[in-house]
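In the two assemblies presented below, chain A is common to both, partnered first by chain B and then by chain C.
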Partner chain A sequence: MTGAWTKAFAALLAAAIVMPVLAVAPLAFSEQSFLVLPPRTWSLRWWSVFFADASWLRALLTSLEVAALSCLLSVAAGTSAALGLQALGPRARALATGLFLGPMVAPVIVLAVGLYALARSFGLVGSTLGLVLAHTMLALPYVVLNVGVSVAALDPRLALAASGLGAGPGRVFRTVTWPAILPGVMGGGVFAFVTSFDEVVLAVFLAGPSVKTLPVRIWEEVRTEYTPVVAVAATIMIILAVIGSAMGRFATRRSA
Partner chain B sequence: MNALRRQRITRVAVAALLLAPAMAIIGLGFVAPLLRLAVLSVSAPAGPLAAYRELATVDVYRIVLRNTVVLALVVSAASLAIGFALALALTRLEAGWRAAVFACVVLPLWISVLVRTFSWMLILESNGPLNRFLVALGIVDHPLPLLFAFPGVAIGMVHVLLPYAVLPIYAALSRIDPALLRASDGLGASRATTFRRVLLPLSARGLATAATFTFLLSLGFFVTPALLGGPSDTTISMLIDSFVNERLDWPLAAAASMALLAMGLAVIGLAGRFVPVSALSEVR
Partner chain C sequence: MSAVAFRGVAKRYGASEALLPLDLEIASGEFISLLGPSGSGKSTLLNICAGFIEPTAGSLFVAGRDVTALPARRRNIGMVFQNYALFPHLDVFENVAYGLRVRKIARAELEQRVEDALRTVRLDGFGARSVISLSGGQQQRVALARAMVIEPDILLMDEPLGALDKQLRKEVQIEIRRMHVARPRTTLYVTHDQEEALVMSDRIAVLSGGRLVQLGTARELYSRPVDGFVARFLGESNLIVGRVAQLQDGRATLSVDGFSSPIEGYAAQGLRMAEAACALIRPEHVRLVAGGRQARVVERIFLGEIVALRLVLPSGVELWSRLFSSDAPAGDQIEIGWDRERVSILPETS
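On to the complex of A and B.
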């Protein structure tokens, strides 16, 4: 009896958690020009509007570009850092790790305003570079921690054995360390990509007329008057996020 | 001896080289902006502490500060209560069910807060599905003012924070030996007593972690209150935004940022001894 109640309660809460997230998707397929749930008539007209509008398309491409670049940068720097942390003494490691985790706990508005103030003096507001650097900083902790887990799980005796058998440092890295940490690197990379792709506050402050990410466009629309095109944009973001979560799960399962 | 020392020096050099790119990114993208704000906050024309004094004395700002803390307390408490119930249910479900519910709990973490908040705008509208449902059931006569009001902000924030509450509490609860619960039951304790004397103390660490995460995160919320709240639901984050974009008052924006940062650091400082803040990353 308790089992049935527990199931009912859990199912109800799970639905209450997931349904509001997905509620926007049906509206992307609505015929009407106003957003009322549930839509009465269905069509793909707002998808054609989205893909016919240069500004929406450019925003999507900017988002993908910024996310890909900051993913690459944060994976390279974060993987290197995770390996470097391992070589430090315990106190230095704790200190450096604390610093790397900073962007994860600092209020995002504070980071946004600080970066905006700094970017203004360097003329980086409204540039892809400024956005990429900001998102790289934001994604870095996820990469450092994800790769760090793989590095910590790696038995140091394997590398010792490899070099004892005559492998040089480069060969040890290529044949022992890299394959072992690859799942952590992939998982961190997925987190980094999605972190940048989803991010809105830093992007709103650092965006300019010619460089706007998809979330920035959505933000601008939602704060004024919006049409179901916004629902299409939001649905595209949900689809990409769900693909990301599936890839993330795949990567972490392989590491487990 | 000499060889050993040389080896150590090489190791430190390699570590420094490996850490350098990430340190540069954190230095430029995290430390430098915060230092810039610290300098800006004491650069008001009326004197170094003028911006802080204005924040502390003007009634509107004090109300916003109080609202932010009250909102953070309310949504943290609600997230903890719902999170505990859900975590407890998770420990009692069979494996297949548990995996499915778990997937539902973590799915939102992958989706942009902006998209989730936009969804809530549509649901909470006065002629939205939630209000139509409540009216149809006869629970209320007229649609409730949920959107652009406190209930909307609270609902939206609890929805975002819930995974940060469920996961640490679940981790703590799943470590409790079920034999202890059976023993408590067998020794004649009521359910309430078992809850109070066994479940609660043994999951205290998870609860403390969840409380820290939710409170810390809720202090700095921006997107959700900005889109779901009304004028009286302004948070510090929104105030900082308006200082920068509407009043163009950088010292005031910087001082408010420093205040918000100090509040967060105080939470971490108080809780840090009991709660590993790095565990925040394990949520996603």
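On to the complex of A and C.
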């Protein structure tokens, strides 16, 4: 009896978790002009609307561009940070790690207000650079954490063995350290990409008329028109997120 | 000229002395074991030799050149770690080839040397295998090949068999000995296992508390240890505590409470008249002697061809005796003795 109840509860919980995601996809294939569930007739009408509208496409491309750039930046900075943290003493490391993970625990709206003020004084509101820097900050903790795990698992004697065999510091990094932490770097990169791609709060504050990410565009659309084209944009985001997390899984699986 | 020479090498961490100033010369092709309990300084000494730890005093010479200030990568040293430290993302061939690639050896020669090294450790044909798929013993042999293939001036091994189980440890031990006999390389081998040191070494350096206590062949250390620590560390030993009663011409006698006659034996360095000392009598030298000292058998341990007897003398002193099982007495009251030439009188060690 308990077994049946447990299963029912688990099913209910799973349904609650995936419900919004499952609800969005059918809406994207609706014929109607309003977001109504379930759609009475099916069509690809709103997909054509999406891809015919330059503002939607530009938002998608902006999102991809910002995500790719902040992914690169946060991977470079986060990997260096993770390697540097490992070289610190235990107390300094705990302190510095806390600092690096700060953006993860700080309320996003607080970060947004602060960043908005900063970006204004540097003239970065409404620029790609401003968004990239903000998202890099938000993604950095994920890279530091992911790479940190790889770095901690790396046997320090491997580097000793390599230098004992005659390898200089550069060669040791290239041939020993980098291959060992690569899965962590890739995993961190995927997290960074996804973090930036679906981020909306900072983007709303820092976006401008010409630089607008997909989530910001969806937000604006929902407030004015509320057509199923929003569901199309959301479905595209879900697909990319699934691909991203699958890649992340693959990257970390290879290390094991 | 010695292949490796430590001159007054010492290491201090803050207030604690990891290694007291030490002199050690290793001849070319000689296999020396550093034997001692953990914290004795043996690994520190090895890591100083490798260039992973900087000594606080003294100099290190390898092949006549002062390498004290050189980083590890410029020393031409082959190091074998206890946990193998193989590069997990490289196959067996590339692991062994690593040092040769650093040295920019041409491809044909590189392949030849890697193949030769793998054959030496009996892993020919394993080149394309992933190192993770190998057993512990095989991984350690890859590590050996990787260290030897660069033709190092000295081969350093840090408890290389520590992670293997007992049976495998014996096999690899004999393997290392066989390779050393076939092609002697100057080797410094760290271990806390006396049997390993006895099987493999030309000479053994016993360390304790950061101090080199004794350096000599296995036979010298076993039959003429400088103190009770070395005696206890190598082989089984009976140490009977007493006071020095006579001391001359390299011989000493020790008077022991409750003993009717004193124990006579070879006098080690550092003995002083009337001071505390101990007599070393190896269990295999405690024999049945008609008309000898009275002893009572309180325990018998059958070990196959040998039987170990725990004896109590009337004075309360306990002794172990190892006899051939066929010679073992049936009764519990026996008479024992020993050859005074086999006895050493050693200074007390705290």
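Basically, the second predicted complex is superposed on the first by the 254 of 256 C-alpha atoms of A that agree within 3 Å, B and C clash if a C-alpha of one lies under 4 Å from a C-alpha of the other, contacts with A are read in each partner's own complex, and residues count from 1 in each chain.
Please note the rule applied: contacts are C-beta pairs under 8 Å (C-beta built on N, C-alpha and C of every residue); 3 or more make two chains touch, one makes a residue touch a chain.
Owing to the predicted nature of the structure, the values given are computational and were not obtained by experimental measurement.
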* Asked: Do chain B and chain C fit side by side on chain A after the overlay, or clash?
  -> fit
* Asked: Taking the superposition as given, does A:Leu88 touch the first partner, chain B, the second, chain C, both, or neither?
  -> first
* Asked: Which angle, to the nearest 10 degrees, do you get at the Cα centre of chain A between the Cα centres of chain B and chain C?
  -> 90
* Asked: When the two structures are laid over each other on chain A, which of chain B and chain C touches more residues of chain A?
  -> B
* Asked: Who does A:Arg174 touch here: chain B (first), chain C (second), both, or neither?
  -> neither
* **Touched partner set for A:Leu160, first chain B, second chain C, both or neither** => second
* Of all C-alpha distances between chain B and chain C after superposition, which is the least, in Å? -> 5
* Can you list the residues of chain A that touch chain B in one structure and chain C in the other? -> none
* To do: Spell out the residues on chain A that touch chain C in their complex, using ranges where they run on.
  => 155, 157-158, 160-168, 171, 175-176, 179-180
* Structure fact -> In the complex, the residues of chain A that touch chain B are 2-3, 6-7, 9-11, 13-15, 17-18, 20-24, 27, 35-38, 73-74, 76-78, 80-81, 83-85, 87-88, 96-97, 99-111, 113-118, 133-134, 136-138, 140-142, 144-145, 191, 194, 197-201, 205, 215, 218-219, 222-223, 230, 234, 237-238, 241-242, 244-245, 248
* In the complex, go through chain B and note every residue touching chain A. => 11-12, 14-19, 21-26, 28-34, 36-37, 40, 82, 85-86, 89-90, 92-93, 97, 100-101, 104-108, 110-116, 118-123, 125, 127-129, 159, 162, 216, 219-220, 222-223, 227, 237, 240-241, 244, 250, 253-254, 257, 260-261, 264, 268, 277-278, 280-282, 284
* Structure fact -> Within the complex, chain A is touched by chain C residues 50-52, 71-79, 81, 83, 85-89, 98-99, 102-103, 146, 150
